[in-house]
Each structure stands twice: as C-alpha cells, then as structure tokens.
Amino acid sequence: MSALLLIEQILNGLQSGVMLFLMAAGLTLVFGVMGLINLAHGSLYMVGAFAAAGAAAATGSFVVALVAALAAAAAAGALIEMLVIRRLYERDHLDQVLATFALILILSEGTRWLFGSFPLYLDVPDWLSGSVTLPGGIQYPLYRLAIIVVGLAVAAGLFGLISRTRLGIRIRAGEADREMIAALGVDISKLYTMVFALGAALAGLAGALVGAIQSVQVGMGEPVLILAFVVIVIGGIGSIKGAFIGALLVGLTETLGGVLLPQLFGLFMDPSAATTVGASLASMAIYILMAVVLIWRPSGLFGVRA
Amino acid sequence: MKMTKLAALAAATMLAGMPAAWAEGVKVGMITTLSGGGAGLGIDARDGFMLAVKLAGRDDLDVVIEDDQRKPEIAVQLADKMIQSEKVDVLTGIIWSNLAMAVVPAAVAQGKFYLSVNAAPSALAGKGCNPNYFSVSYQNDNLHEAAGAYLAKAGFKKPFILAPNYPAGKDSLTGMKRFYTGELAGEVYTKLGQTDYAAEIAQIRASGADSVFFFLPGGMGISFMKQYADSGVNLPVVGPAFSFDQGILGAVGQAALGVKNTSQWSKDIDNAANKAFVDGFQAEYGRLPSLYAAQGFDTANLLISAMNKADVKDADAFRAALKEADFPSVRGKFSFASNNHPIQDIYVREVVMEGDVITNKIVDTAMTDHANAYVDACKM
Amino acid sequence: MTDPVLVTHDICKSFGALQASRDISLDLRPGEIHALIGPNGAGKSTLIKQIAGGLRPDRGTVQFLGRDVTALDTAARARMGLARTFQISALAMEYTVLQNAVLGALGARGGVFRFFGNVLKDNDLRSAAEAALDRVGLSDQAGTVTGELSHGQRRLLEVAVALTLRPKAFLMDEPMAGLGADGSKRLTGFLDGLRDEAPILLVEHDMDAVFALADRISVLVYGQIIATGTAAEIRENPEVRKAYLGEEDQ
Amino acid sequence: MNRETIINLLIALGLIAVPLWAIWADEPFIITLATKVAILALAGVGLNIALGLGGLVSFGHAAFFGIGGYAMGILASHAQNYTPMMEWPLLIEGTKSMPVIWLVAVLASALAALLIGVLSLRTSGVYFIMITLAFGQMLYYFAISWPAYGGEDGLSIYVRNGFPGLNTLDPAQFLALCYAVLFVVLFLSSRLAKSAFGLALSGARQNEDRLRTVGIEPFRLRLVAFVISGAVTGLAGALYADLNRFVSPTMFSWHMSGEIMVFVILGGVARLFGPVAGAALFIVMEHLLGGISEYWQVFLGLTLLGVVLFARGGLIGTLAGRKVTHD
C-alpha cells in the first residue's frame, strides 16, 4: 500500500474517531457527573439526524438543519431527563440499563411512527461537496475535512467549557462530590438537566453531520452507541480526555483494521480466504482492543480507580 | 434425499392429530418485516400483495399478517403459529434470506406452500429445493449475474467489486463473477452494517479500476452512494436494484443519478398489468411502487391464478396450477424453471430525474429468459 | 516473654505528596490490648488497612504469627486468623444476624464451594455462629435483618463475626463509635475479657475506654508514631500532650 | 408459607394449567408459546445466578445463549448431513441426541464463561457491564462472518433432536421436557441460593470487604457463579435452538442479552421465580401487543419503563413485598 493511501486512511480513521468523540463525550459526561448509564444515547443521535433531515427538506439550508439537530436533540434530552432519567440517579446500574433500554424501543419506533419506515434524505450542502487536493496530492472529500475540523473545534470547546467556565467548575464539582455541590447552593437538578441536554446536543450534532454522508434511518444510533461505549470504556468512564483518545483509537483501529488485516493475511493465504479471515477479524478488532485495554488497565486508560 | 425423507416424517408426525383445516378458500400467512430498520421493504411487499388481492376482489382469500422484526427466531415462531393455530395453506412475505432459511424448509416439509416475495437463497434453489416452494421474485444471484453480464457487455475491463461479509454478500460477488470473467481491480468484503466507506472508496481510487460494482442492501448502500458521490471518484457504478429502488432513492438523492442497476422489474415496463399496478399502487398508497411491491403484487396474482384452477386442498393440482404461472405478471414474460424459480428478462435501469422525482428508467436488457445456476442441482 | 503475634516493621505509605505512614513499627503481644490513638487524619485507617491487607505498603513489612504476610491479600490474612472489625459497619445488610455470623464461621472453616446443602442447617457452622452471637448478647436478634439493627447492635455483630473466625489477633477500628455511654461500657467489659483469647490492636477515640483497657498505647500523629507506652506514660508524655492540645486549639 | 412462596406456586400452577387448557381447546400455538416462555425463563434463571445472587450485571449473556444454540446447530447439522465433525486425531460425529447436545452445550458455554469471566471479573461496575457486552459483540461478529456454519443465514435443522423415550416432535412432549429441565434447574438454583456457596456469593454482592475479612476471596466465587450462570444460559440456548429447529447469529446479538436481562428485572431480581414471571409477562405482551399495532414496541417500551420506575423489585417484588432471605 502506498504511503499516500495510508495517509488518506488515517484521515478517514481520524474523521470517524472525531465523530465518535461527539457521541462518547455526552455519554461519559453523563456517567461522570450523574453516574448514569444511558443506553438511549444512540437514540438522541438518531433524533438529531431526523431533525436535520426534516429541517433540510423544509428549508433547504444545511446550517438550519444543523441548528435544528442541536435544538431537537437538546430538547429531547432535557425532556427525557426531566420525565425519566432523573428518577434513575439513585437507582443501581441495572435499573438504568433496563429503563434506557425501554427508551430505545420507544424512541426508535416512535420516530418510525412519525417519519415512516423509509430512510430520509439528507445530503452534503453544495458548498461542502466535492473534494480538495491536500499537500502531497491526496484527494480528500471537503465535507470529511469539515467534519474533522468541526469535531476538533467542539472537542476544544468542550475542554474549555469544562476547565474554564462556571458550568464546567460545577460539573467537575458534581463529579467529585454531589453533596458538596448541593451545599454550595447550586440547583443540582438544573445542572443535571443541562449536562444531559449538552450531551444530547453533541450526539444530535454527530447524528446530523454523519447523517449527511450516511443513511438517516431508524436504528442508526445503535451501532454507534455500542462503539461509543467501547470508546468510553477504553478511555476511562467519566474522562473527557479519555473519551477523546479512546475515540481516535477506535476510529483508527476500525478503519485501518478493515484495510490492513485482509492485506496482512493476503501475504500468506490465498486472496479470497485472506479477505474472509481478514474481514472477520477486522470486525472484531475494536472489541479485542477493548478487552486488551481492560485487562491491562481495568479502569480504562484515564479512568479513576473505582 | 435423506433430508426430505426425514422432513416428511417430521411433517407427518406434526400433522397427526390436527383437525381438518379451513374448509373453503385459501388462507395465507404473511410473515414480513414491519418494524425496525428494514420495515420499509416488508411494508412495500405487503402493500403490493394486498393491492392485488383488493383489485381481484377475492373474499375467499384470507391473509393473516405478522411482523417478524427481522429476527429469524421470531419468524420461525410465527410460522409455527400460522401453521398450528391459524392453519394457513400458504405462507409468504419473508424479505431476508436468513429468515427464509429459517422458515421455508420446515414449512414446506409440513406440506405448506411457500411463495417467496423476495428472498431466494441458493440453498433453496439447488440441493434444498422443494416442489412446494416457489420463488416469484428471482433467484438471489440473478441481479448480480445480470450486473456481471452487463459489465462484460458494456466493455468494462477492470471493475472493483464489494459486498458485505455475510453469505448473501459472498453469493453476490460469486454471481457477478459468473458472468463477468475478466480482470478485477479489487474485491473487498465489508463489515455487515458498516456505515462508513471512506476506506473502501480510497482503495477504489487507488486501484486503477474502470468501474465499480457493489451490493450493499439497505442503509449500507445509501451511505456508500452518498460518500462515493462526494469523493470525487467518478467511475461508473453498477449494482443490483436493491440500493436504487424507489423506497431508497429518496434517501440517496442526486448522488444516485446516472447509476446503472439491474432489475427484473421497472415501473416503465410497458404492459397492461404493470400500468394497472403502478397506477393502482399510487392511487391506493400515495407513493411510487418499489421492486418489493411489484414482487408482492405478482405473488398474490400467481396465487389467485392457481386458486382459479385448483382447490388448495388438492395439493398436487394446486402445485401444478402454481407451476403454470398463468397470471399477468407486471414483468411481462414469466415462467418457472424446473426448480420453481423464475425464467425472466433482467433489465438495466438508469437512475434519472423525472420532474422532481428521482426514479429509474430502463435503458438496456442485460439478460433474456434467464433462469439460474442451480437448476441442475435441484432434483425433485 | 513470648514472641509478638503481629509486627509492623518500618511501614511507609504515601498518596502523592501526602505521607500517610512514615516508618511505622509497632507490635502486638499475646494477651494484650494495644491501643492506637491519634487525631483525625493521623493515618490510623491507612495503617489498619495495611495491616489487614487492603493496602500494600510502599516500604516495610507486616509480620503475622512469625510469617511475613506483606504480599498476602486480606482474605489470606483473615484465614490465618487476623480478624478485623470496621469503623463503618461492613456487614451484609440484607442478611439476618445469624446469616452474617454463619458467613464468618464458613470463612473460618472453609468449604465455600458447596452448592447443595442448606448452609443454615449445617450444625457446625450454626453452633459456632450461635455461640458467637450469644457471647455478644445478640442471640435474641438472630432472625433480624441486619439492616434493621441499631448502630450499636451492628458493632456487636461485627465483633461476633470476628469471633467466629477463631482469631489469633483482632484488629478493631473504633468499635465504640456511636455506641453511647451504656453500650461503650458493656463493650469495654467484653473486650477486657477477650484479650486472653487473642490480643487486640484497638483504634479508638473513646479515651475512657482506651485508658481503661489498653496495656500499651501508641500515639500516631501525621503518619508517625510519636510515643508508645503504658497509659500512665502516655498521659505524662509532653509530645502527646502537645499534639492533643494542639488539636483542641483548633 | 410466605407470600413469595404462594406466588411461586401460583406461577408454577399457571405454567402447567395454560398448556393443559391449550391442549383441550386445541390451540397448539399456545403450547409453542409456553415452551418459549419455559426456555427463555431458563436463560433468565441462568443470568439470575450471576445477576441476582452475585450482583454481576452481565450484558453479554447472549454469548452463552448463542454458544448453546450453536452447539446444537453444529452437532445436529453434522448428524443430518452424515459428515463427521472431525476425523483426526479421533473421529467425532455429530449427534441428534438431546442429552449429548445438552452436555456439549453446557460444557462449551461453561468454558466460554470461564474465559470471559477470568478477563471480565477483573473489572467491576459499569466496566463489567461493558466488557461483557463487548465479548458478546465479538462472538456476534464472529458468528456472522464465519462461513462454515451458515454465517448470517444460520443453520436450519430439519427435524427436532430426539430424547430417549419421548417423541420430541410432538409439541406437548417437547414442552413437558422443557418444563422438566426448567423445574430441575429452578430446584437446583433454589438449593444453590441457600447453600454455603450462595451465602458467600450473595454476601460478596452485599459487601465485598466483609467477605475478604472472613477469609473468602470474592473473585473465585464470582468466577464460579459466572460459569454456572453461563452454563445454564447455554443449556437454554440449546433448547431454544431445538424449539426453532434453527440457529443464527441473532442469538448472540446485544438485543438478546438485553432481553434476557429484561426477563430477570421484569420478574424480580434475585427472586427464584423472577425470570419465569418476567419471561411469561414479556412474551404475553409481545404476543398481544404485536396483534394490536405495527408500533407495538412503543407500548412494550412504555410498559418496561413503567415497571422500572414504579414497580421496583419487578413483578414478584411488587406482589410479594420485601425480600425475605431467612428460613
């Protein structure tokens, strides 16, 4: 494989990693601050994509679609938090898993009820379509570059938010000690709703951005959800930095594994068997990565020992 | 065939003690996917089927419809329910091959008829064929074979081919290569359910291919086409109809324009039955029909044609009536090969814009009177 | 004099910049109650954890019954006969008092991997458990769910479970905490008789109990033992007075 | 007799009465549904040993369910095609005998549980939930892309496997067999809960420090519990495959893990009959709601949500009140 192709594939891995980070950030924040496992996070990703597709169909503007995705996912998140999630903070993980599993069923089929059974249309806007030539002669889709830029910007913004702002201070305090933050006179239930809505908005944004180059359909959030879980477990639950590193690791492993493994096996097997074995192994690669990380560090790369 | 004998034994034992079934008319059990991600296909097949029943005005045709959730285990249990409790004569409706593999062998072994509206895996066409099993759609390999034939005919020298890493994906590439025997620029199996094809597209770009053939059903194909169109790789794309069918084109959008795809049906096939179907479907459901709807429609009409000739209780006569395929197919010519799979023409369609609707138009015929590769393997 | 049962030798432990244990050496001799006192945050709990096996010291060794147990985990030390009670009750709260005691007896006897017989009908275990409950006066509560016990009763149950282990030494982390005057007095009386069975390393804030019980007292301040001696010696020790008076100033 | 015992008896009576009625009323599908309830309940009973007694929230029990299913599928497919599984170094043939299949299913899933357990039990809490999920997904993708036994298409077995002295093709006899297995396992599991092992395992869930302090290392206990739990769920998988005469990778999917967990929680965690009540309720709902609306899963979701939020302790917890652990 040529060096250029390898660089292009690394860019692809980076791009999918950055999107995974948007998903994982919300998941890990919600866990870190509220101690909640949210299986329905993938449904918020789906809500974002559907809202974007709806808004784009109505207005024709991609920017409006992104705003709609953020708003709809944040609103859905806030609503879900107030109606359901806040009753779960004091419960054990088991109840959280079951309740949010139920939410998946409701949100998925509810969305299908509203939008019908066929995939929706959402496309890259004209001003971001086509590809650009990068230094070294790599042709790369402009939209994917834009995704990488947006993702990194959001990541930077999130780090800034957590480390610099009052909300961030409260979030960190909430992670450390719930009673302390209540004692500081912060309205904790409002804080929780905000954190949950923030996580939902990030998921919704990811859904809309990815929806433009993938398929906007019911159930689109579930594979991403599982990947996002793998990410935060690898990174260490509750750690934004861990989620970032984990997302890039998973994105790169998945992309490069799919390309390199079949070629690797091709060195000593006949091509069709190599393709099969390589592809099979590639589809398990991230889970193997996760198992290895957890065996090495049971609390993930940046997790605090429970 | 030992299998069949054993199966017949099972059927006999299971049937023992069951009371006489429905006294008159035909009871049909339709097991199809009505919820979850793949629901669109099942809904289309159901709507097409029910449209035919409605247009024929048959009140001696009773259809029980159940949702298999695209889970093979659920499909098996529903089949048990249809057979044991509903006492249906005919089963139909399954979209996915893996579900068909779970349901069909046991159902036909119990003496039921199975008419496939879509799934037609090779295992049921060759060694595992059965006189009571009819595929009204195609044999799974057909559209891929046609795509291969078209690539060869159109003079492409170096296609890059890809499909998901699961049995239907492997059948697809095998089928394609059966009729395209030239050089390949690359052959890639992707992960089932994969949504990002950047890596594969980069490989295509680097491979020096002159065309792309892909089989990526459902959301996978939508993702691939959108990303491909945006990648700046401008090689011609050929594929089976699945990723360019009416239900999906809306989601792919303009990215699909110009793509050649192979299909045994198109809404512009010029015959009376097809016109009645397309108009009737739009009037009834307010949307354009899809391939799946057409297959559902033909399936119901095949069934009705057999009902006009024989009583379903007389299995031999009914089977013979089905095999005659004496119904006006929306595809025009239609007959069954000896393994109960269609002999039909397969067209090349191009995705075009008609007004503000993206749809397909026939531009060529890839294969004429094509049957399938498993006819000889089927001994019945 | 016979050899000490339990010895720590120059134990050091730090958490980041905080040095929680500095070269701590102490011993527990047969038949004695050795009290460990010190202001809050002096590192008593950290030391107890290292002795019990929950924490590994950075440096230094722990010897129990003449054997270096520094590398052994809590369970292994417990099986050797090191019985511990917790500052905050660590009991199976859904279980009855009897079940908690039987669990202790089971740990002492071994044979956890028995999957069939009803463990509460195992006569050996049950009589060991009942005997221990009887000694602390919890017999009439045997059927009560532990979560419903009063604070004081839980402390007693902790001691009872420790008894079922037929220990060679006790590690007791503030057994008097929250007991009230009456309860403290009774427990004091009970522990007084226990020292002949096995020596006790007692961490306690209740000074009346400490001075009433302890044969020797060690004072821990900022992770360091500043004095060890009899009650009278400790009372007179100027450094100890300074440490405690200093605390009272705050 | 306390209330939970009475409820358990009522559930057991119901389990037996419903199929008897179905035979009388000639509703053979009800018998199939009852069989499904019994088998899924068995899978839940398996999970309940890890989850209820041990507090090990495994989100990957579909792995064992699937392994059990494939044990059946692989053995029976070799037997039905008359091809040996292995010729060298020793000849291993397929089989259509349920007892042999069960034994293989139990051993294979126990071995898998041992391997997964050794790695997973190093973690706890959410990490444990997620790593078990990951192992399940790993097997799922493996099953899909492994071509030898059908890949995503799965494997059809044309005739149900046999059990000495029974005609398993008769739905009623197969149901009776599944009931027998379920009740035997329920009995063993009730003994397990009261045994020395159960006392220690549940003690480890309630307070890990307590267990260490009495000299018992929780890791080995949990590992053994996880293995037993996986083996029981694997047995259920083999039966489920026989019910459907079919296996496919969906048995490995995380939805399956979720559903098994739902049975347990719906019925009542750590209750002997919890998984039975949960599986019965779930399947009845699926059956009834499926007939009402295309969007029935919305209502299923709402019901589940209602149970978690307002009926804590599941069905049996709500009916029987607080758990009584002593005798």
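All chains are identified by letter, namely A, B, C and D, in their written order; residue positions are counted from 1 within each chain.
Operating definition for what follows: a residue touches a chain if its C-beta (ideal position, glycine included) is under 8 Å from a C-beta of that chain, and two chains touch if they have at least 3 such contacts.
Here's who's who by UniProt: A = Amino acid/amide ABC transporter membrane protein 1, HAAT family; C = Amino acid/amide ABC transporter ATP-binding protein 1, HAAT family; D = Amino acid/amide ABC transporter membrane protein 2, HAAT family.
Fair warning: this is a prediction, and the values are worked out from it, not measured in the lab.
Participant: Which chain is most remote from chain D in terms of Cα centres?
Facilitator: C
Participant: How many angstrom between the C-alpha centroids of chain C and chain B?
Facilitator: Using C-alpha averages as centres, the distance is 74 Å.
Participant: When the C-alpha atoms of chain A and chain D are each averaged to a single point, how far apart are the two points in Å?
Facilitator: Centres of chain A and chain D (C-alpha means) sit 32 Å apart.
Participant: When the centre of a chain is set as the mean of its C-alpha atoms, what distance in Å lies between chain A and chain B?
Facilitator: About 35 Å, centre to centre.
Participant: Using the touch rule from the top of the page, what residues of chain A touch 2 or more other chains?
Facilitator: Residues 108-109, 112, 276, 279-280, 283 of chain A each touch two or more of the other chains.
Participant: Pull out every residue in chain B that's touching 2 or more other chains.
Facilitator: Correct list: 35, 165, 191-192.
Participant: Any chance you could list the residues of chain C touching two or more other chains?
Facilitator: Answer for chain C, listing residues that touch two or more other chains: there are none.
Participant: Chain pairs in touch?
Facilitator: The complete list of chain pairs in contact reads A-B, A-D, B-D, C-D.
Participant: Which residues, counting only chain C, touch chain D once they are in their complex?
Facilitator: Residues of chain C touching chain D: 52-54, 73-76, 78-79, 83-84, 86, 90-96, 98-100, 102-104, 106-108, 111-120, 122, 125, 143, 145, 161, 164-165.
Participant: Sort out for me which residues of chain B touch chain A in the complex.
Facilitator: Touching chain A: residues 35-37, 39-40, 43, 165, 187-193, 195-196, 198-200, 202-203, 205-206, 218-220, 222-223, 226-227, 230-232, 247-248, 250-255 of chain B.
Participant: Within the complex, which stretch of chain D touches chain B?
Facilitator: By the definition above, chain D touches chain B via 26-30, 32-33, 36, 80, 82, 141, 144-145, 147, 150-154, 156, 158-160, 167, 169-171, 240, 243-246, 248, 250-251, 290, 294-297.
Participant: Under the stated contact criterion, what part of chain A meets chain B in this complex?
Facilitator: Its residues touching chain B are 1-2, 4-5, 8-9, 12, 15-16, 108-109, 112, 116-121, 123-124, 129-131, 139, 141, 143-144, 210, 212-220, 223, 255-256, 258-259, 262, 271-272, 275-276, 279-280, 282-283.
Participant: Along chain B, where are the residues that touch chain D in the complex?
Facilitator: 2-3, 6-7, 9-10, 13-14, 18-19, 34-35, 66-67, 71-73, 76-77, 80-81, 84-85, 97-98, 101-102, 105-106, 109, 121, 123, 165-168, 170, 191-192
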